[in-house]
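Structures for review follow.
Here subunit A shows up in two complexes: once beside subunit B, once beside subunit C.
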Partner chain A sequence: MNQIPILIITLPLLLTPILLLIRKINIVYVLTLVISLINIILILTLGIEVYNNGNIIYELGGWPAPIGIRLNADLLSCYFLTFINVMSFLCLVSSKNIIKHQIHEDNLYLFYIAWLLCNIGFSGIVLTDDIFNLFVFLEISSLSSYFLISQANYKGSLLAAIQYLFIGSIGAVFILLAIGILYAHTGTLNMHDLAMKIGQAKFSKSIIFSLGLLLAGIGIKSALFPLHGWLIKTYAYAPSIVTTYFSGTSTKIGIYILLRVFLDILNSISPLEYYKLAQFILFISLLGVLLSTFYAVKQQEVKKMLAYSSVAQLGYIIIAIMLLIPDGLTASLIHVVNHSIIKTGLFLIIAIIFINNQNVMIEDLSGLGKKYPILMSCFVVLGFGLIGLPITSGFISKWYLVTAMLKSEYWYFTFIVLLTSFMTLFYVWALIEKIYFATNNNSSAVNNISIYQIFCVITLTIMTIYLGLETSLTSGIAQNISSDFYRIIEK
Partner chain B sequence: MLYVLNMTLFLIGLFIIIRESNLIKKVIGLNIFQSSVFIFYILISKVEGGVPPIISADQSIYSNPLPHVLILTAIVVSIATTSLALALIIKIKDKYGTIEEDDIDLG
Partner chain C sequence: MKHHTIPRIVTKLIIPLILLFGLYIQFHGDYSAGGGFQAGVIIASGFILYNIIFGLEVGLSILSINMTKNLMAIGILLYIAVGFMGIIQGLNFLEYNALLDSSKQGQLLGIFLVELGVGLTVSNVMILIFYSFNNLGGKL
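Then we have the complex of A and B:
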């Protein structure tokens, strides 16, 4: 049982060089799927064990904590780990005949290897207990994601990839410098050790400088409002299945690092209270939510519309965290999972139907309701989830968000949440109207949709409805996590 | 003083990445930017009066070897980033016929 955290990282890592030698795309694909499935089983076992018996700590090489590197699976890690790997698996299952049209044949096996590496990076970030290790895993996932984005044969893909490479590297170097400053102050890299020693360290301006660097670096990774430019380009120009994958995972990893660093490691110096940092982020994100919802309404291109909508939803998540009350953290954790499921589902449907298009315009959706009744009814349910209508999981997260806001001192923000939800209705309705009430003039949509792809979409839709009706799963775990966090803070 | 020079290097690198349109120059900027942080790590590892960390009988103060090891990892990451960036730039040159970011026409 103790070995599971390391297995989650090393099993796929050991497989990647073997895949590099095999090269046969069919075998590579099957092995990738198998290892992802094994990973999910391991993660679920780990999650249940952690939920019942508390943290599982694995010491690499048997070296004890401050000297050696540890992996620490706590409830927050397992929560993120589970949905990231499930999303990755569902995207992998439906990827087969989508990427054939978008990626050069010779690179297909490399594509899956990079995908595995990217997922290893994500899992590593979530599991590690060493802050420098977090940087290394961040770079593993980032480097493979630059490769994944560059692989599409669209016109802007290479440019989007290299621009993301520059901005992503800037973010990573900011985080590296901040880690260096924290290390200079405390002399340790272990997260638990750091959390204890940072409170006793002599306080100085350089710690504030490192907080700023961390915020900028994490902000880039999680597409915090003014730093979201890369997300729009990346989502528009990456292979559509990669967009699907990233919409549910990569920015959520940014949120995880934000939570881990600001609310866990550094909470003894309450980093979010300097210069009213929390309020500053709160207002910036609020502006971000308003503006990006507005842009989403204006967009004619479906992928860009959904990308702007992602920025808005990430804004909600960050607002909920920055309320700095336990209910806010609960709301943000619930919304992380719900949004991940909904957005992956929406992007997946677009990716399945339009395998040849680079730009999917709203017009292209005309009359698809008759052509693909199952997929499109799923689309409508997921769209309702995005707006936050009852019986979908989106309603639950909006509900928790609004409740948390009413309990905090920023109760007047609820108006803006309601306003933007209403604006969300506009752009989702624009899509639904085209799907069901426009005449069919469509030729670019494909016919050969495999049963697996439909299975994935239906799974995501059922998850959305299930989490909308049976809330004890997400909200129970989220409440556990947030009460853990705030118990430490109150001490 | 050394830290001021170090941060100047940091800002020069950042400025080049943001300011330049030529992708190769951007990569050079990125390298300067990353190197400045590597030098920062080396700076913090120096202990006043310390010697290289090889245990000997007549010495009791050693410099901290850990940042060097960390930076070795970070340098590997930096090399990977640079090589990926250069590979992408070659592809960009093939596809668009230019490496000036402003001249690339996506229209």
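Then we have the complex of A and C:
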């Protein structure tokens, strides 16, 4: 039982070199699926254990805390781990037919190895208790994601990957420099230790500088509004299944780092209140939500539309965090999971139906309602979830967000949130209108859709509806986490 | 490079020294500056120098592309296998005491094997990067 945190990271890591030796795509694919499934089982056991008995700490090599490296599985880690690995598994299951058309077949086994490494990076970021290891895992996941993005045989893929590489490296260097400054001030890299010592360290300008660097780095990783440029390009040019995977996981990891660093490690110096940082991010994110919703309404390309909508939804998540009240944190955590499920589902349907197209225009969806009745009804349900209509999980997260905003001192911004939610209706409706009410049928959509892919889409849709009706799962855990966080802050 | 006598002779003289220095860095990494990463790069640089002077065909006949990939994987496997030795014996991941009866010797053996794995992987990655600069990696 106490070995589970390390197994979640090392079992896939043990598999990757073996896959590199095997190189037979079918075996590689099956083994990848098996290890992902084992990982999900391990994570669920870990989650239940942590929920009942509090967090589990694992010391690597048996060295105790400030010297050695630790893993720390608390409720927040398990919450993120669960949905990230479930999304990864569902994308892997439905990836087989899709990537055959988009990736050179000699590279297929490397594609799955890079996918596993990317997921190891995400799991590692979430589990680690060492701030430098957080950076290392961030680099592991980023490097393999550059590879994943560059593999599509579209025209702009390499360029998009290179751009993401430059921007992502700059973000990583910012984070590394900030960690270096914090290390110079406190002499420790362990998160718990750092959290204690940072309060006693003399507060100087260099700490403020490191806060700025951290914010910029994390902002790039989580596509905070003015730094979101890479996300649109990446989502449009990556292999469509990679887009699906990243839409549910990659930016959410940025949110996790934001929470962990600013609200947990550094909260004894309350970094978000310096120079009204929280207020500043709040305003910027509101602007971001407005603008990216406008852009999404204007887009003719479905993938870019959904990418802009992702930026807007991430804006909601960050606004909710920056309210700096427990309810806000709860709302953001609920929305992280709900948005991840909804957006993965929407991208997955697009990826399944349009295997060969790089640009999926709105017109391409015309008349698909008759051709794929099951998939398209799922699409409509997920679209309603994006808008936030009742009985979908989107409604729950909007509800919590609006209640949290009304409780905070920024109640007057509720108006903007409601306005943008209403505007979401425009672009979702533009898609639904084409699907059901346009008649001309085109041939670019494919016919051979495997039963596994439909199973994945239906699973995601059922999750959306289930989390919309039965809220105790997400909101219960989210409330636990946020009350934990704010108890720490009050101390 | 057949007619360039001086580079050929100097390379022949210098490569053993580079490899020896690489091995020194490799084996002294646990108690002085160095370690598997640096040693791997140094050893790979010796091999790459040999390739530049005597031609890629000779280099490839010593170490083919598939072989570099396999050695890369074996290096990581060595590292993780050492880590898992601890878990198998009921201790934590990477706990070197599990390797031998005496814990001091276990620590020494553990750090040696781990650094060896790192060195193997890093040197082969460097060589593979060099190959792919020559378009030999092809579809990597």
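List of remarks:
Please note the rule applied: the second predicted complex is superposed on the first by the 491 of 491 C-alpha atoms of A that agree within 3 Å, B and C clash if a C-alpha of one lies under 4 Å from a C-alpha of the other, contacts with A are read in each partner's own complex, and residues count from 1 in each chain.
What we mean here is this: a contact is a pair of C-beta atoms (placed from the backbone, for glycine too) under 8 Å apart; a residue touches a chain by one contact, two chains touch by 3 or more.
All values reported here derive from a predicted model rather than from experimental measurement.
Overlaying the two complexes via subunit A leaves subunit B and subunit C side by side, clear of any clash.
After the superposition on chain A, the angle subunit B-subunit A-subunit C between C-alpha centres rounds to 40°, nearest 10.
When both complexes are overlaid on chain A, the residue A:L418 reaches neither subunit B nor subunit C.
By the touch criterion stated above, A:L110 is placed in contact with subunit C alone, subunit B being left untouched.
When the two complexes are overlaid on their common chain A, residue A:L176 makes contact with subunit B while staying clear of subunit C. Touching more residues of subunit A than its counterpart among subunit B and subunit C is B. When both complexes are overlaid on chain A, the residue A:L469 reaches neither subunit B nor subunit C. Using the contact criterion defined above for the overlaid structures, shared-chain residue A:P17 touches subunit C, although it does not reach subunit B.
By the touch criterion defined above, A:Y58 lies against subunit C but remains apart from subunit B after alignment on the C-alpha atoms of chain A. The gap separating subunit B from subunit C at its narrowest, counted between C-alpha atoms of the superposed chains, is 7 angstrom.
No residue of subunit A touches both subunit B in one complex and subunit C in the other.
Residue ranges of subunit A in contact with subunit C, taken from their complex: 3, 6-7, 10, 13-14, 16-18, 20-21, 58-62, 104, 106-107, 110.
Only residues 132, 135-136, 139, 143, 146-147, 150, 155-156, 158-159, 161-163, 165-166, 169-170, 172-173, 176-177, 180, 183-184, 189 of subunit A touch subunit B when the two sit together in their complex.
Only residues 69-70, 72-77, 80, 83-84, 86-87, 91-97, 138-140 of subunit C touch subunit A when the two sit together in their complex. Across the complex, subunit A is touched by residues 10, 14, 17, 23, 26, 30, 33-34, 37, 40-41, 44, 67, 70, 73-74, 77, 80-81, 84-85, 88-89, 91-92, 95-96, 101, 104, 106 of subunit B.
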